[in-house]
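Two complexes follow with subunit A in common, the first pairing it with subunit B and the second with subunit C.
Right, the complex of A and B next:
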């Protein structure tokens, strides 16, 4: 077949197909769309719904742990273990990562002046693969699967456990495909003049995050395949070992590192980008040091690469590298927060009235609590590695990431939904998530010092630890309420009668604010002007001294 | 000369290699081992050292690719293409294949656990998606006219798609139903088969009598069918096949004694002569 330079004359199809794209609507559109904004919205909506479900599981787990004398709610230690592991895996790869992917799928192409995302069909396929994989994983756990069984894998459970492993593998595969789409967009579809040092910080953070996910998550997928093969064919690795290792199953040890230090931080990389994107707009000024932020986000990403820290290699928790990663990661977080504070201080007298600003600052504070807890955890004399501190760090990182997601949703809602989200409800959600997240995470940090184990439902070591477990459960309930508020807020913004948003309600600095809300199908009515700095709209308005890179 | 992307990945690669050397020495490496990849002396912990070193090489490799392609800088691309402005992204038409591919992958995952035939069906589905995807991607760029591209694609693929899709749908329904029937009780299987038959007939009648049937309804039915098949597979995995009575060969026509309480239906389907 020869390629032609000019279009041949074609007969119009019987269904009236013409060269003018037909605007379809309804279910058909959501199943077949190649518009990055619709694909991103699919990711966002489903991940927010799953967030609500996951936090309910977290709250129930909290109350189960608060009364550790008996396993009343789940009816058995194995069921408790299944839900405990599902909570961790689901929070990371069914809530946080897809939430950021959703926001990025909508926002990143507009931020870099592109008309669409790279490989839009692959992006859509990634979403549906992720959704089906999530369905398989959750269903498989509910029918008795999970990542191993504490009392040994029976033949009845083997199929359900295999389905769990394969479903998780599907989810990871889908996240990797979506990551490829986003990273490729950033590398190859930037508008004229926008070199990598001029990309907005959220876009940069997504490039770092997807790079780290692409480097590390295939390791997790490989582990799952090994566990599946071993479970089915009885290989030497004894992943179906009935004897629990360090209180958990051997299969879980293959997955646990993904939601533990340092890898767990990889899910929070976009937080720093969202913070760096929102704060300058709220301050009405350029970021005090955009280049430094690029370096700090890259450094944070580097320190969150964790495929090497798997316990199956060896118990490396006393190694220099593990301790160093855990301590040094404080620097990029402190640097980012200092940059945000300096930018706000040098701005046009901002007030803390915007939900997105409050949420991004709250996310930064909770992430700081997470990395401080993580730094304490790796200090060998404290012996916090197998203690509840591990769960504390996980919960703090996850809640901080969701808070960043809330900030992103409220900030970019005009581009995502075409409407503004409720400011009053948003502030309540932020307050609830910050307080709930800190209660949930910091109490587990303190419990760790009281020798409370991480997973085992051991009787409380002291009345203080007992009280802390109860406080942690209350924190989990608060997070669940925050999730409910987030669902209500997002769906309120999706209603057609919601408050309409202006094209640029916040006086934004980057290219997504140069188009309408909601944006047209190809994002821009005309190609953006050549970019000469990291804040092209500030350059055009002539306000603020330009810092052309 | 050096692009930002190159600097980032080269820096990352250097840091990873340095980390590998430090890690090697802190985990028992000796002599020049960690510096020369174990040529002389030990590298310490092989796995950790190997992972860090590999990541370092990968990062440096990406850095080299980026400097070669100038960070995929649009201005550089425009220069090479000899155009004034950055070329816009080609318009991509939407279609069902990404969703079909997702169900194919799901079918493969479930099939690996419950049944080889389901796995092969998923594999065939994914292969079909790959072919369709490649053809559509080629057609999208064949000419500058989306309608002509669509016509071109349909002219090649429609004669294959229509019969293949019809056969695949029938095969998929039969296969999925067989799994569900095997997992159901004897009476439950009769009910399931009856409901499925009525559903299939009803949908066919609806589609035949209303050719203008909305594409959303068709999409909804296809989605519901796909979800039902996967859900059926998961349920089948949870329950397992019901146990069947094994008959040894040569026992056909044997005279057996009917136990009191056996129904006539069971006698009729037992394939044996009855003697009271």
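Right, the complex of A and C next:
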């Protein structure tokens, strides 16, 4: 009698597609799948669509601010405030964080040689909870809620504000669950030989990012709990007071720190990992100092922990720690960019022809602009804390993170969609986002020096500031156009007739490139060989002289 | 001599158990949420005291009952660890008894919490007589005890799940991760009460 232990056949790649799996991949599949690649794709698609929506809001906000005298798009200061706050919160926790979670949910298990993500049903549940929470948050803002109101609150509006807090809490809870799944996968499902110093840099950056989110976003959740209970159940109106005191609502004060320095940088941690993963592949060489990059990404993550920086704990202007964090964070960004430059310089004659390389380098440049702006903001003599520089830093960090997401999508598209994304369109998107992001962010930095406040719908303080507001609005439109291009590019890649990708079109170094595009259900047809370095495929390509076989 | 690439079979991985690691991360997040509440409580209380005002009305909080809650939870730490050790020793009867005792202790804690809240006479909004600082103190009293109760409910659900799974024949000396994960989260919740006991009840 012959016994076999072969696993049951699974659909492998586009060649194996038939009508049956196509029918099976209907709504039921998306609601019940435990395949990390499908779960990740859900995160990616929805976050990209929300990115387009958020940038439209940003552009409208920009034009409103550019001509505050005559334009009244939102119909009042309160509506403007609602959209201004929604723009910030949504950009961070409805676009950037879920975009990285989506890419990581697809890529990280393959990079570490695992067959799936840890707790796949929890990961799927996290997505649907996040989506419902996002819907509640956006709907609640649109019906008069938000994170407080500047012109008085009716009881209906108070209910809508409570609903906004509930939706935001659901979104944060879902992000935390997804973070647990990703961090646990990295911690406990690595293949043989892959210790933490050998994990690919994107995987490492996701471990750092999810760890930082796991220790900081719960603090935001505790703020939301206080605000919700106070507002909805009749507390002392200290934390849930929806009306402004000294120009800002108590509720927004408790949420604002999540999208301000230093916490805002936490949403860009994976950027350094994507940069560190793409550059060596583009250069055709190992990263010049993988270990140093691990340290730099960890250091960047440490400096972006920001729960302590909320106004309840300090005034944000004279705290030594606040200033030190704002200045020192320049070091890991500069170090990462220097590492990327050295790796490219030591490579075998690369050109800047690949979209993912351009996008990752562009992301690095915009992040550098963000941390320089942030450093200027915390330096006391400039008094930029409550000025438009705050918005500038936020926009620069968010756009840099989205650029990193673009780099990741174009780089790992063969594993995410099974197809390559359009290179020409990708380059346009990158160029547009880099220029638009820099216009959007740097003009707000300069406006800050002209004493333009962070939030004030009022005539500009000078004609120069007026002109800068207009330039900033143009930047916002460019970012919105880039978002549109990203949507078109991603959906083009999802079409079944899109250009097929090879299994390893970039000569990748890490394990995700050792499997097919798209990967089979369990990722690998056989377990990867023991890993002995951070670039296992590079080891294998030189196996005659390498220590592994 | 020809050189041939050998096909290596990956050795058995010595990685932390997935469910325990997941529980560790989840426990850390839960602890950070709770610590966020506690730290804000401390800051607000310090502000009120610096202003020379009273936080809780004197005599409103008894020392005894919260101590009994803590003692009960300490006992539950022993029983949850007892369950874990019993499963590791493949002693299912002891594991069932220990898990059941843990759930009984949890029921006792809920009962005591109910008594404490009723005994203080506080309300979430606080009475007008308490003044602004007293109202804020009562609000925090409810929020922190309420948050602890929610986490305790989650921990009970986790232990109940492992109990049912153990009854259904799951877990063994080599696969005790589920109970270890539940124990980790349970102990985190007990630590939350230890902090609450000291910050809210002892130092008042």
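Criterion: the second predicted complex is superposed on the first by the 506 of 549 C-alpha atoms of A that agree within 3 Å, B and C clash if a C-alpha of one lies under 4 Å from a C-alpha of the other, contacts with A are read in each partner's own complex, and residues count from 1 in each chain.
We take it that a residue touches a chain if its C-beta (ideal position, glycine included) is under 8 Å from a C-beta of that chain, and two chains touch if they have at least 3 such contacts.
Bear in mind the structure is a predicted one, so any value in this text is a computation, not a measurement.
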Touching partner for A:54 - first (subunit B), second (subunit C), both, neither: neither
Subunit B versus subunit C as contact partner of A:189, first or second or both or neither: both
Which superposed partner A:125 touches (first subunit B, second subunit C, both, neither): first
First, second, both or neither for A:206, with subunit B first and subunit C second: neither
Subunit B versus subunit C as contact partner of A:433, first or second or both or neither: neither
Partner touching more residues of subunit A, whether subunit B or subunit C: B
Which superposed partner A:319 touches (first subunit B, second subunit C, both, neither): first
First, second, both or neither for A:259, with subunit B first and subunit C second: neither
Touched partner set for A:92, first subunit B, second subunit C, both or neither: neither
Which of subunit B and subunit C A:527 touches, first, second, both or neither: both
Residues on subunit A lying within both footprints (that of subunit B and that of subunit C): 118, 187-192, 215, 307, 313, 527
Subunit C-touching residues of subunit A, taken from the complex the two chains share: 118-119, 176, 179-181, 183-184, 187-192, 214-219, 221-223, 225-226, 229-230, 233-236, 238, 307, 312-313, 527-530, 543-544, 549
Touching residues on subunit B, where the partner in the complex is subunit A: 3-5, 8, 11-12, 15-16, 19, 22-23, 26-27, 45, 47-48, 51-52, 55, 58, 66, 71-75, 78, 85-86, 88-89, 91-99, 101-103, 105-106, 109-110, 112-114, 133, 136-137, 141-148, 150-152, 214-216, 218-220, 223, 230-231, 234, 237-238, 240
For the subunit A and subunit B complex, residues of the former touching the latter: 1, 3-8, 10-13, 17-19, 21, 24, 26-29, 31-35, 114-116, 118, 120-122, 124-125, 128-129, 131-133, 135-136, 139-140, 143-144, 156, 159-160, 162-163, 166-167, 169-170, 173-174, 187-197, 215, 228, 298, 302, 305, 307-308, 313-314, 316, 319-321, 522, 527
List of subunit C residues in touch with subunit A within their complex: 3, 5-11, 13, 15-18, 21-22, 25-26, 28-30, 32-37, 39-40, 43-44, 124-126, 132, 135-136, 139, 142-143, 146-147
